[in-house]
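Below: a set of structures, written as structure tokens.
One chain, subunit A, links the two complexes that follow: it is found with subunit B in the first and with subunit C in the second.
Moving on, here comes the complex of A and B:
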């Protein structure tokens, strides 16, 4: 209920609502009160509207078709106005404003009614359609364009923002990659190499000590952070945040060269073997430091091999002393022949890359021996490693396992001495070199004989299963075209280190020395003997008579490679006789 | 290690042990054998002290042979045998409470070692508490490990320098299973030495056989 009309000035609006209490409709006998349900909004309105005394202003409410009566009405109201207000005030009629509004609405309606009636006459007023704005017609298209433009702009903006983000992340990742992670790299390094921290340095170990090497070189490298990179410039592809510093004497690349030469008369040129190889190409995916360390480790191993060999060369007493000059060890496996083992160490500097006159020489590397040297040193490492290996019986002495077994297994003297004695690296490699040389020369001798002598034929079948100290070849001597008639001679040549053992088909074993001439003589003798046998067989087939046949003509002891033999055959009618004799040089007819 | 035969050579009438040994050396050298250092075989006897049973305790013999320098061999009388490394001697000291060393029973045989092709001949003087008691001859044929296959050859060879005093096939070999591959080993040798030593120990001290 509005009470502000009392003061006239609506200062503060205070809305007062009826209390929530409901009216009691009925109280039943048992005391339960039945409430009157609250009025809904419309019911309330209706209730309130019922209270309006429309009769008060009924003159104004009643519509008069002519304006005159109305005017009189208004004047009549004005007359009574003074009185009405006084009467009206105390009753504090709440619907005053509603009435006023309704009233003004009525006025408006009256004006509209009047105007419409005037327009109806079409004398003083007329209704015209409002001219439509041409822009308003086009608006939809323009709006479309504008909206399209707007949405495109938004989309563009989004894209731009995305691109910006991407470029930022690329830049970030580059930055990260650059920073990368010295630590990640270090971790990677750590997984492959032994590292330890000393003070504020990180030191690594590339020696073979943990594998059993006794080489005294410390073989440490230092891990350093690569900071000398210009952040503004483009980063080179092979940039690595981690770098390793290897000892200066392990830089570059090195290899052991083993070769066998005919002895040179001039000894002044020794110790200057200087051959270089290109550094190996980097494998994709492997770090720079890894290659560097591997190369350094290889240099270290080569140095160790060479140091071991030269130590043995000085210690071992042989008939012909081994010579150690600078980076070369020279040994004489056979008279007139020299085995040279040299350490070739090239630093990567350009100045050493000059074309050396050595390069014109044929490549006389004995790669097999070089490989074997590496194998032997590793075997040597393994031996030293296994000598003090745990676990170990608490009661047993600290000796290699096999020697430890010597007591309980009751090894005798010879077995123990065979355990203790071990050949040095140099002895082994010299033996291998001897064998390789003997084998290649045997092959050459047989080949030259085969190419020189057409009849009888000589064939060599090399066994491809061989040992580092022994290999074998089967030699067949046949007469071409007469294989059915005369048996071929089969020889088994076992080539050892110092000598060749020939096993004849009849079981004889002949030992030949390393001299080339001996083998050649023996083979020639066998070939001539084959010829004599061939004549005998042929005579039988052709119906000739063998008058005499002797495997051993002449006097004296039987020579190891066989004596001279002779055969005499006569033609079937006895008119002709042929005598064939062979000495130890060649057959003559 | 091949087949080994150990036998005792009687001292020649009217000669000392030393002289007999020298005579054998001379014969071997005439045969073409080459002297290759010396050898020794020793044997110590231990009594088991903590013996609870009624039966008499077995004797434990701990032996060394210069042919197997890193080993120490322990044998019970006819019982199990053991090959150990040299630390076994130290262990025996620790086992003092169980095995008492019979001091006076130490026997050893020392002498020269000869090689004749595949044969290894050891002529030794057996001494017991520093008095020479007899002569042992060990012949080893190193090219064979099966006793039955080479016994005749060995016998013939031994006849060439021992004359009539050639022993029969040692009992350690004859007791081995027939037909099976049973290689001779160092234990057979030690058993033969042990047999010889106990035989010599039981002998009367030979008149005039002091070590000179």
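Moving on, here comes the complex of A and C:
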């Protein structure tokens, strides 16, 4: 500090020079001097500050206490250093603390430097090599650690601030996204369902009216924006900003059940069919509302089918009236047999559980008929759509063209009524049920015969190509091992709705009724006939003589179908004779 | 030969007394496409159909009172289709609040010998015209957009001349008498066609 006051003396001189004399920038040819304009206070300060050489300045400070090394060097530097420091002093108040700090730091650094240089010469001081390492190494490590810690803390703070901003903006955009998402969902909904705006509501149409349905249910649903979600909580995965509200009577799931049973003695417990399917599993990628709407539309269609069937059941006059009880329609296709069509509609899970005991019952669904019912109602829809043909000439009213032809073509009553009459859903489905029943029973009859009787063999070849009202089966009766000798009997059975037509290979056609016994008897008689023929063929091959052969002998017990036939054969040498008579019940030998 | 007595009593069609509810308007030829486009959007989803009809209007004049008018119409596009004979009554007066013109209407499908039959009965053809255009339906509503043409040579429908540069637009419903709700439906449908065409209740008597 003494140095400072000492160096103040020459500083006065320097400052006077600088303030009085301006530097000559240029001397022109005519001797005029151009001066450099004097620096302003701040410019001057900046200029001076640039000239500060702290290292040198402090070195000079350190010189006195140590005072031994490189005196010549220091003296030179001293002058410059002093000059710089002095120039800077008078106007250095705002910089004072900075300067002081730097100075103290430099002082310490210089002490350190000098000590090191002293130690280096090893004349006056020596450092223990063991203790030297920790001192030299430790200090910078601590420094490094602290600086590292500080910079890391700053960096960490910056990152935290950034993260905060990001999370805020994410939350904001999510809110916007949700808003946009509703509109996107609405657009999606619009592309699949009919929507219209009524007041401030968005209503949709579930009904099949545009497809030709005449069902009176309005079938409207409402589109609701799903807003009851907490923004702070995590959004559930199945969250959908759009929800639909369907009429309460279309909720849940429904299906039509068709079954054929042996007639129950009592119909008191009818009308309470309660079989429910599990709710369909959500297909991946389809929205909740879509599943809901599809289920509701299915309920609507089932209701329409059932309404149509029950209307027809009441209107149509049949020999055995159809019974409509609660959610069940019962019809008698054949005596002792009942066809029941029921509408099963489950609204809540609770009911589902209650109905679970019923599930233990055998599953007697006739899926084919259920499917056909759906197909039939759609055909019906299509018919109503296509029936609306434009009238020609254009002034004519909207009536079916054939009906308009009735007057000019002078149709009579029967022709008109035949025009108007079309088979209803119920009639068609009853016919289909009859056919299905007849077919399955025919198959069962043939199978049971085939398993019961080993000789001759019965083979049945069912045709793949069939109709809802007709199918056919080819029946072959053969004797195993003797196919070469005796021809097999081939029968073509055409199974219809009410009866079975049998076509022989020789073209004879026999019509059997729906009674199981008739078919069985017929097949038995064919089999026994085949046996007699086989005996005849075999006798010929073996060289036996046929003494007599008759397909219709008037002997024995009267058979219900056909007459008994008999054959008598004699051995080649005539020593033995065998007589075979066959009847439908059994063959005697 | 004396003309048969003519009754001025309204004709009723059998047991059900059908009424025609009618709104009419017209559209210039240039705007036809946009109107058809709008109608296709509004009406039932059936393939749009065109028609070409020939209408003959027959009169039976009595000694006194108004002549009795019958309209016979046949389709030129479907020659085998039956003829259409139509009686239209006088528009019902009264009820100004009703949105559509209401008149008695009897529709009969007839065989192809209808003109001869009418002639035999003493009817005389008053005028004839050809109407070609488009027909739409929406439920019970029938919309007919047609161009009317004058027949230059009587009976020859190939030689015609358009009556005007516009198309006639008719919105009609056939309903039993007293069902005034249909006129409400018609009005709301007509609203949807604005401003392409203004369908109004036009009293033909005022124009005569």
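Note that in this section the second predicted complex is superposed on the first by the 368 of 589 C-alpha atoms of A that agree within 3 Å, B and C clash if a C-alpha of one lies under 4 Å from a C-alpha of the other, contacts with A are read in each partner's own complex, and residues count from 1 in each chain.
Please note the rule applied: a contact is a pair of C-beta atoms (placed from the backbone, for glycine too) under 8 Å apart; a residue touches a chain by one contact, two chains touch by 3 or more.
As the structure is a prediction and not an experimental result, all values here were calculated from the model.
> Looking at A:412, would you say it contacts subunit B, subunit C, both, or neither? Reply first, second, both or neither.
After superposition on chain A, A:412 lies in contact with subunit B alone.
> Comparing subunit B against subunit C, which has contacts with more of the residues in subunit A?
Counting residues of subunit A touched by each partner, the higher count goes to C.
> Just subunit B (first), just subunit C (second), both, or neither: which does A:394 touch?
Only subunit C; A:394 stays clear of subunit B.
> In the overlaid three-chain picture, which partner chain does A:124 touch, first (subunit B) or second (subunit C), both, or neither?
Touch status of A:124: no partner.
> Let me test your reading of the model: by the given contact rule, A:210 touches which partner, first (subunit B), second (subunit C), both or neither?
second
> Could you give the residue numbers on subunit A that contact subunit B in one complex and subunit C in the other?
Shared contact residues on subunit A (touching subunit B in one complex, subunit C in the other): 395-397, 404, 406-409.
> Taking the complex as given, what residues does subunit C use to touch subunit A?
44-46, 49, 51, 53, 55, 71, 73-75, 77-78, 81-84, 86, 107-112, 131, 133, 135, 137, 140, 142, 144, 146, 174
> For a test of understanding, state which residues of subunit A touch subunit C in their complex under the given definition.
210, 385, 388, 390-398, 401, 404-409
> Flag every residue of subunit A that touches subunit B in the complex, lowest number first.
395-397, 403-404, 406-413, 416
> Quick check on the complex: what are the subunit B residues that touch subunit A?
It comes out as residues 1, 66-73, 83-87, 91, 185-187.
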